[in-house]
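You will see two complexes here that share chain A, one where it goes with chain B and one where it goes with chain C.
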Partner chain A sequence: MKVSVSQQQLAHGLSMVSRAVSPRSTLPVLANVLVATDDGRLRLSATNLEMGITCWIGAQITEQGAITVPARTFSDLVNQLPNELVHLDLNASTHTLNVRCGMSNTDIKGIDAQEFPPMPVAAPQEGVPLNVANFKEMIQQVAFAASTDEARPILQGVLMTAADSEVTLAATDGFRISVRKAALSEPLPVPIQAVIPARALQELARIAADGEQVMTMSVPSGRGQVIFHMKDAELSSLLIEGNFPDYKAIIPRSFKTSTTMTTAAFLKACRQAEIIARDGNYVVRLNILPGETEPGKVEITAQSEETGFSENSVEAAIDGPGLVIAFNVRFLREVLEVIKTPSVVLQTNANNTPGMIKPAGDENYIHLIMPMHLG
Partner chain B sequence: MHIDLDAFFCAVEELRRPYLKSKPFAVGGPPKGRGVVNSCSYAARSFGVHSAMPMKRALKICPQLIVVKPEPRVYQRASQKVFSVLADFTPLIEQISIDEAFLDLSDLPEDEFALARQIQERIWLETKLPCSIGVATNKLVAKIATDVGKAASKGSNYPRAITVIPPGQEAAFLADLPVRMLWGVGPKTAAVLKRHGIHTIGELANCPQCELVKLFGKMGYDLARHALGIDERPVVQERLVKSISQEVTFEEDIRDETYLRRTLRELVEKVAYRLRQEKLCCRTIRIKLRWPDFTTHLHQRTLPNPTDEESIIFQIAEELFSQLWQPGSAIRLLGVGVSSLSLPVYQLNLWQTESFREHQLLGAIDKLRERYGKSVIHRGLIIDKKHEGV
Partner chain C sequence: MPIRILSEEVASQIAAGEVVERPASVVKELMENALDAGASQVVIRIEKAGRRLVEVADDGVGIPREEIRLAVQRHATSKLETADDLFHIRTLGFRGEALASIGSVSRLTLTSRSAKDKSGMRLIMEGGQIKTVEETGAPAGTVVRVEDLFYNVPARLKFLKRDLTERQQIDALVTRYAVAYPERRFQLYHDGQVTLQTAGSGDRREVLATLYGIELARQMLEITLEDGDMRINGFISPVSLTRSNRREMTFFINGRWVQDVMLSSSVLQGYHTLLMVGRYPFTVLFISLPPEEVDVNVHPAKAEVRFRQPDRVFGAVQRAVRRGLLAYSAPPPITTTVWRGSPRQSAAVPPMIDPAWEMAAETKTAQREVSTVPSVTQPNLPSGQVPLLRLLGQIGATYLVAEGPDGLYLIDQHAAHERVLFEKLLSQSRGDVPTQILLEPVVFQLPPHGAQLLTEQLPLLTRLGFDVEPFGMNTFRVRALPALLTKSDPVAAVRAVVEDFEEDETPLQAEQEARLIARVCKRAAVKAGQALTPEEQSALLRDLEACQSPRTCPHGRPTMIHLSVDLLERQFGRRGSR
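Let's turn to the complex of A and B:
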């Protein structure tokens, strides 16, 4: 293999795939990144056997070939090189990759490309076309609500359902549920349902370039995999097996009180309360006070035995009776950070039943949070 | 004002069993095992018996000593009566133990001595329990006043002492007393002081503060101030519970694993019950093992989230136990404690979970216990042990 690529593009490509590298695996080749010529471009791939990322960059190819090299060594080196052309030259018999750029000349010992696990390949015609910017926003609004608890693998996933002309993402950690719907550009011939690891979706949101318009999602039947294909990159992931909890049954059909606030004001009050609340279980009390004659307000208080006490109030349009309800302020802050509309609605019934947060005037996103119990 | 019930357990027992009156007797564990004297009558004290003395020794120096089995629930009820009398005088009460309290009466216009006499009389009238009282401008001096008053009363009757230290007289009152009577001066501190020729509180007061700081670090400041009778701690109405613990000294050393684990469960059950009664959660769980040679091991772990769930506390306690205990080794004492206490704030679940069910179950159990007494219901595991014991 003899290839010349731009240092910047190579560094960018390596940073994209590096998140799929598994440095502490028992299989040494998984700590490596695959460097291969592929149909006139240079292909970089990494996988931890659960998730794989590939990206392609433009290159001048004078001789075909493939090798795997330790990801950390290779990307650390490339990051230090000057912004010039990088010449890669493989000595196939010794599995050594020579990296030359400017005055720098380095030999990196690699492992035969044959040992690299095959990456799943999708047939592009089967895929569901998704709007990149839209889908990234969906992931940002949903994936954070997934659990990080290794003991409950199914909750580490995001349930993706696509049928007719609609796709829905839903995630829950048992304390909160985030659900986001979006329209598809064309109706689906067959419905799809899959539980995708939240981590894979978060990586996808990171690598999907904003400039791109469309990506395709394929869930080849019977393989337990999902593949997202973009022009210069591809991410594949194993699906999580098991039954995703029936979140629809949990969502209350009606609410007694509906409180509308300015998203930015509510978020700011939560961020301030969190400074005190983080030392005391993250609990904040919301005192929802409907006004008789003047406008209503929501008082947000946090108390920590060690740190102190904080109180903030946010003006609100309140429809229904008042209520004092306690929430984990981190949960409130995380959902408010992904709500894009200027106003937000908090709907509640009682201090021991879930509260719902949604963007005002947007029916496509709902977020349910279970309150905290105060002794 | 400091108030201390005189030989409280014994006074209660005398009321229940008049034949004990004026006899040397002690409330405590049985002499055949490792029972110790919890409280002893003044008649017994004149023989040299004192509390915390092994019952075996007590019987040796006072063979006619009558041993009475303790009845904690009875004492608890008697104590409640006393405290309700105190509550008639002031809401500012700091309960230190079942038979001891501080009262802040500085707002009352009456003369201190008259007031103390009045309180003593009211308690006697309503409960027939004797008490001693110390009055001073602060907690430290008031407590020592009570102790001095009690010690001054010799003989086999209850002291019922009242000692008033007028404002300004604190340092003078303390001056001739031994340093051991100061709070925070234990045998080790006393030994260090003795080496420097300090025996009385007055000598301590004359010692330059910087010397004390050199000897004891931060504690030196407190010592210097206390020696002068200065103490600014207020009477705290609700003393914050900082930790809850339960321990048991076995009648004989135990090496049986099943028995030990059941005892552990029983201790955890008691600790968790108290935790719930106090409406608190804990983060740190500690176990204590004492080996037959009296070396003691403590092991503790802190959880990321506070809990009041018995099953979680037990699971941690058991893990800690397994880390410390080698199968087959004998244990003299086993204890479980919890600390880092906080209000029971916890995240509710969207779906009914194990922890939710446990809260419901424990809530129901606690209600049963409140109604029918603590022994009405136990874990199956613990009942097993009780049967074996029969």
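Let's turn to the complex of A and C:
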């Protein structure tokens, strides 16, 4: 293999795939990144057997070939190289990759590309276009609500349902649910339902560009995998098997009290309360006080035996009776951090039923949190 | 005192002691009689854990009217004629002692009608004396009512355990027989409430599902092995499903429940290296042998047996288990065939611990003996507390490495987290406990004795911040968890309460509370092999520093190993070699 690529593009490509490298695996080749010529471009791939990332970068190819090299060594090196053309030259008999750039000349020992696990390939006809404005934002608004508990694998996933012209992502950890809908620019030929590991989606959000993105998604039947294909990159992941909880049945149909606040003010109050609350199981109390004549407000208090007491007030437009309700402040903060609208609505019924948070004026996103209870 | 022949009454009470030891033994004898009588349905009613009443009703062949008096005589049986027959026993009973023994220590009512008789007979016996025998109308089959057990033997009454324990014994017994005889219908009532019921469909997996929950039944692996005239079949748990005690290893030999240490160890041999230390499988194995190959006449309650060729039996059990495990060992769930490459192997490296690596808990004395270098300051710490630690990292996703003023600390993250959760939960249980409500209540099922135990512990669980409520027969619903435990599986945390319960554990209330909390924490704590973020690691260290007794986990295992500066210097030969 003889290839020349730009240092910047190579460094960018390596940073993209490096998240799928598994340095602690017992299979040494998984700590490596595959460097291969592929149809006029240079292909970089890494996999940890659960998730794989591939990206393609433009290259000048004079001789075809493939090798795997230790990901850490290779990317550390490339990051230090000057912003010039990098010449890669493989000595196939010794599995050594020569990396030359400017005045620098390095030989890296690799492992035969044959030992690298084959990356799943989607048959072109199986892919469905997933044209969504801000798919990245969708993932960011949902994936954090998934569980990290390895004992409940199904909750570590995000349920994706797509039918006709609408796609929905939903995630829950048993205490909160995040659901985001979006319109597809063109209707799907076949409906899709899959539970995708939240971690894989988070990586997808990281490698996807902001804004409009042309992405094809394939769920090859019977293989338990999903493949997201973008122009220069591809991410594949194993799907999670099992029954995702029926979250629709849990979402209340109506609420008694609707409290509208400035997102930034509410978030700031929560962040301050968390400093005190984190030593007391993250409990904060929201005292929703509708005003008779003056505008209403929400008092946010946190108390910890060891740390102290904090109180913050946020002005609010309140429609409905007042209520004192306790939440895990971390849950509140995490959802407020992903709401982009200037105002946010908190809807409640009672102190033992879920509270719903959604961006004011946006029906596509809802987030449900179960309250806490002080015994 | 002169030597004299014991009166009939005393002699029979002594004999009864061997067979009838507690209410569960009465249930066992009567249930075996019912099974021997070919009953298709066995209904067992218990009141006050068997002290007040044990009643076993069957629809078997019944006792012919002219034989009813004989039935309660000592050494009267229809199951055996000559001593030779002892070696070909195909029935569960054979001694002809059960009814006589039970009758001598209780008020016994025997009602029976054999199918060929028009009317039945009722016999009432009190303390071994037949009071009345009369004709009565009765359905075909036999009903034995045993009331006021041990009313005339106060010494034995005193030795009965508390009701809960006696109930557990009965539940465990009936559960096992219900599994062993899936084609018979079993019903067990405690104080008028059904606690166990099987359909008698003949499907053993269905019985397991009814008694132990669908999830467990689905996972159990079915095994069979035939070796000449010996046959072994049954169910074994996959390696992922384990128990913390040996009690769920059940053996039936020719339809009779036996407890045999050698059989359990053969099963464990079959699981060898596949289970963690201190974890035991859940197995139900049925061994059938020609009657002459096994001597059941060893133990009055027939709980022990002797084999003619023990090695052959044990070897076969071990093979059957091993083979079953290997045949079913599914690939790790996350790999699929599309990915080439071997699944993760757990590299089993034997631990290499230099004896010089002392347990942290013991170092204090050791350090005083060795005269330390003046430059090393040993902070005076309150007993058992750990100094402020600086986190260095995590190794093997299992241990944290930290530096203290007096050397290096290796911390077992699981044990440390257990300790942290334990102290927090314990202190919270005395005040307001914040709980986190679940989005959707989780429903789960327990075996009858587990359900009973959990019901007893509900008030304590409530104080800890759980919201668990009964939800039908042996079924519970979890609605909220202590806020501390929100990172763990709610059902697993609640199950932990009953799973590790040791038999006859009757600690003081306060101690019991601590044990229960310890059990919950063990389940909820981070596991070995769980990678923690640096923030989580340092949070764990901080929490551990704040603990009252940070050096051991609630079960007494050490949470940390301390390598003192002094030790390091000696190991590296910087100061006088060892």
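In the analysis below, the second predicted complex is superposed on the first by the 366 of 375 C-alpha atoms of A that agree within 3 Å, B and C clash if a C-alpha of one lies under 4 Å from a C-alpha of the other, contacts with A are read in each partner's own complex, and residues count from 1 in each chain.
To be clear about the criterion, contacts are C-beta pairs under 8 Å (C-beta built on N, C-alpha and C of every residue); 3 or more make two chains touch, one makes a residue touch a chain.
Since this is a predicted model, take the numbers as computed values, not measurements.
> In the superposed arrangement, does A:Gly322 touch chain B (first), chain C (second), both or neither?
Neither partner.
> Is A:Gly65 in contact with chain B, with chain C, with both, or with neither (first, second, both, neither)?
In the superposed model, A:Gly65 contacts neither chain B nor chain C.
> Of the partners chain B and chain C, which touch A:Pro252 in the superposed model: first, second, both, neither?
A:Pro252 contacts neither chain B nor chain C.
> After superposition on the shared chain, which partner residues are touched by A:Asp149: those of chain B (first), chain C (second), both, or neither?
A:Asp149 contacts chain C only, not chain B.
> One more residue to check, A:Arg223. First (chain B), second (chain C), both or neither?
Only chain C; A:Arg223 stays clear of chain B.
> Applying the document's definition of touch, where does A:Gly280 land relative to chain B and chain C: first, second, both, or neither?
After superposing on A, A:Gly280 lies in contact with both chain B and chain C.
> Quick one: name whichever of chain B and chain C touches more residues of chain A.
Looking at chain B versus chain C, the one contacting more residues of chain A is C.
> Chain A residues touched by both chain B and chain C?
Correct list for chain A: 172, 174-177, 245, 250, 280-281, 283, 326, 328, 352, 354, 368, 370-375.
> Name, in rising order, each residue of chain B that touches chain A in their complex.
On the chain B side, the touching residues are 279-281, 305-306, 342-351, 353.
> Inside the complex, what are the residues of chain C that reach chain A?
333-336, 338-342, 344-345, 347, 397, 432-440, 462-463, 465, 467, 480, 483-484, 486-490, 492, 527, 530
> Which of the residues in chain A come into contact with chain B in the complex?
Listed in rising order, the residues of chain A that touch chain B are 172, 174-177, 245, 250, 280-281, 283, 305, 326, 328, 352, 354, 368, 370-375.
> Provide the residue numbers of chain A that touch chain C in the complex, in ascending order.
Touch residues, chain A against chain C: 24-27, 29-30, 47, 49-50, 117-118, 120, 148-153, 172, 174-177, 223-225, 238, 241, 245, 250, 280-283, 326, 328, 352, 354, 368, 370-375.
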